[in-house]
Amino acid sequence: MNNKNKLSREAIAMRVTKELHNGNVVNLGIGIPTLCPQFIDPDKFIMYHSESGVLNYGEMASERREDTNLINAGGQYLSWDNPGMSVFDSAESFAMIRGGHIDVAVLGAYQISTQGNLANWKLTNRKSGNIGGAMDLAIGAKKLIIAMEHIDKKGNIKLVNKCSLPITGSKCVNTIVTDIAVIEIINECMVLKEILPGWGIQDVQEITEPKLIIDKNLKEIQL
Amino acid sequence: MTNYSKIYKSTHEAIKDIPDNSSIMIDGFGAGPGGTPQNLIKGLKKIGSKNLIIIGNTAGITMATGIGIKEGSKDIDISILIDNNQVKKIIASYPVAPSPSILTSFEKAFNKNEIELELVPQGTLAERIRAGGAGIPAFYTPTGVKTELANNKESRIINNKEYILEYALKADYALLKSHKSDKIGNLIYKGTSRNFNAVMASAANITIVESEIILETGEIDPHHIHTPAIYINRIVKSYE
Amino acid sequence: MTNYSKIYKSTHEAIKDIPDNSSIMIDGFGAGPGGTPQNLIKGLKKIGSKNLIIIGNTAGITMATGIGIKEGSKDIDISILIDNNQVKKIIASYPVAPSPSILTSFEKAFNKNEIELELVPQGTLAERIRAGGAGIPAFYTPTGVKTELANNKESRIINNKEYILEYALKADYALLKSHKSDKIGNLIYKGTSRNFNAVMASAANITIVESEIILETGEIDPHHIHTPAIYINRIVKSYE
Amino acid sequence: MNNKNKLSREAIAMRVTKELHNGNVVNLGIGIPTLCPQFIDPDKFIMYHSESGVLNYGEMASERREDTNLINAGGQYLSWDNPGMSVFDSAESFAMIRGGHIDVAVLGAYQISTQGNLANWKLTNRKSGNIGGAMDLAIGAKKLIIAMEHIDKKGNIKLVNKCSLPITGSKCVNTIVTDIAVIEIINECMVLKEILPGWGIQDVQEITEPKLIIDKNLKEIQL
């Protein structure tokens, strides 16, 4: 089964961008989510927000113009050139998040439960983990999309009945885009909406702990 | 009388009275040196005050990880205070390196139980500090509800949604970095280096800023000021 | 794609969907016309929506008292909505004229029990609106403790001091006035006309701004923006 | 007794300014307090704050340069020219007040009780009064000075055992400067510190309801 084709990290990001609509304010977490902007339909206007205190940022800075005073939450240098960018303090940055002003947050995950609980800040083999802005984004964004590989590198299942890792937020996940499927959480059930060609429902179910509900319009993943 | 000035002659003069057991807010988003008052931190190492409580976004991850710093830079972070055994407790949202394979000064000390940690979500940290400066002793927030951070916290249902009660954070000192300051302490920050600096400014008994540029009072347009002078007690010139 | 624009062709287009029974935040510190979205208020009179709840610092005192307005000015305030029987309730800190001998439109209606009043201290009003925009459902404050405004409010002792619990304020609409706006709604206010405008911007479902000057997106330095575009839904040009 | 000399409103303001120290942040209420700046020792640097969202304002604007976009809380036009002025929003303005960043507030009063309770927002013959920033200033300023006439125009006593009018703040008044005396509230007692020449202790007591404690260093009012 694991020999079947899977989407690349870039292709996962590409699929996520179909969930981002014209005029949306979007916060992208570290990892796969950061890959999204390059795949956005150029007709769409997306305002990107970062916890570090910046709205409507654009490209990464070219190497010559890197400025330690303009970074995203992951410490990447941003360009000063995006028209309409604004900068502000951390209280304002999180007022935007907690206050419901972010339309979509895209984050990674260690585990997601069928209730929509998200675990993405702490592993059991480490005495502490990093929360950063994840707990605020999890409960504050109007829509929370998780972009991740369906199972982890060691083959452990990430879509579970109950998170064994400490959770980041309760009942907060709306949509999960993995390398083999698109799943929505509806009424505390995982609903299989799209599936990668070459994968059968049973193949996906085998690496998904909760019983999947199959959407009556189940489609192939559209990129 | 616009000759009034809060400028101190040297970093040392501006911080030399910080005693043992102080609580100190220090900005630096942590993902790189932007906004970090590096000279004040070095000065604090020199005076050697012990048993400090440091409040900041990270527990010092820049030096160990290289995140956000340029090759060959001599940028420092609060790790130098931890290495010097000056810190008893950290209050932060992002205390360790993103990769478990890199051990920061904090994580080494934490794994040996030599330092305490109070972990706070980043937005709650910002809001608790703002509340401390704004005379709000406590507030309800949705962040952290039903997570392990909600253990031992009061919760309450408001309009059918659950919230937890969080208390204001204040400190004895705040150490800031600004791009510009006039002589009475009106500050301008550059880019994302504003983030925790502008919030911490209001929440300490004594707020000390190192500024890259020092201007005459009156040289800044009233509309462009990010932190009004009311919050600033001492100013020093930041040197490279 | 920086051609994205939130600009509406006319005041009428920007506000025509405001239904009866809406709650509306309207700035204007009240001591003069600065920051008051006069064209949006006139437009609201024209469309005639009824049973409105208006949230603002005053209940409209400028027209009756002349405070802060220049001789011969045609400045208006929310009194024109009260006179037009559109308002069922006012939430304000400074509802009546300073002198009892001047009766504003609000006070006349209030004395006849034709309009309701929720009186809120100015700082609590600002903080409740900020909380509404910032996802904080409630907070404790020292303001108003042991006054008649504390009747029927929860109180609580924190660190040996008494506080009362205040709840966030949100609204269906906010009507703002700015000095400059770009096409996506990054705003700059002039002087003290920022006061409640910048707070209300975040606390409404739909925020509509009239701006004296409209700029291309990219014409404002990111450091100079007072209200980031995230909070703004609709923009119209303010005419004299 | 009422034929005795009394301080003018200007002289009350002049006496108040002796309580304002170099480097202080000061908020001045409407009425007598507004008269203070003209009497400040020019060697003192005072940062004036107004609830309307301005710090370190200076002179009133000259008539030609009045701008409705720059006012104090009373609606008076301020000059754009004071070096080091800043403007900000109402949440910030009251964060400054409630957060304890105002060193001295000077307000007027209808009544003050011996506990230091202040009543200055509502009269009984009016269905509503104006609170504005008074409740925040009353409890937020580090020091609260009341500047007022000792009795009102109808001869009613204003310094009382218990306020009959709705109060603005509880146990908040520190110092009272009237047209005949300077009184401090210490441990819920009114302590007579200074008295206008020509007035005897008994004269002041007759128009002061609480029993005055006489400071052992009782002085003549120094202007």
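Labels for the chains are A, B, C and D, by order of writing; each one numbers its residues from 1.
Heads up, the rule we're going with is that contacts are C-beta pairs under 8 Å (C-beta built on N, C-alpha and C of every residue); 3 or more make two chains touch, one makes a residue touch a chain.
Owing to the predicted nature of the structure, the values given are computational and were not obtained by experimental measurement.
Counted as hops between touching chains, the shortest connection from chain B to chain C is 1.
Under the contact definition stated at the top, the chains bordering both chain A and chain C are B.
Two chain pairs, A-B and B-D, are weighed by contacting C-beta pairs, with A-B ahead.
Chain C and chain D, compared by their mean Cα positions, are separated by 29 Å.
Averaged C-alpha coordinates give centres for chain B and chain D that are 36 Å from one another. In terms of their C-alpha centroids, the spacing between chain A and chain D amounts to 56 Å. Listed for chain D are residues 54, 80, 87-88, 91, 94-95, 97-98, 140, each touching two or more other chains. Each of the following residues of chain B touches two or more other chains: 127, 130, 134-136, 141-142, 189-191, 222-223, 226. If you check the complex, the residues on chain B that touch chain A are 29, 31-35, 57, 67-70, 75, 93-96, 98, 100, 107, 110-111, 117, 119-127, 129-130, 141-149, 179, 189-199, 226.
Residue ranges of chain C in contact with chain B, taken from their complex: 127, 131, 134-142, 158-159, 161, 163, 167, 188-191, 222-224, 226. Across the complex, chain A meets chain B through its residues 30, 50-54, 66-78, 80, 87-91, 93-95, 97-98, 123, 125-136, 139-140, 166-170.
Within the complex, the chain C residues that touch chain A are 1-4, 130, 132-136, 182, 184, 186, 202, 216-218, 220, 222-223, 225, 228-231. Chain A meets chain C in the complex at residues 22-23, 25, 42-45, 47, 49, 54-56, 80, 83-88, 91-92, 94-101, 140.
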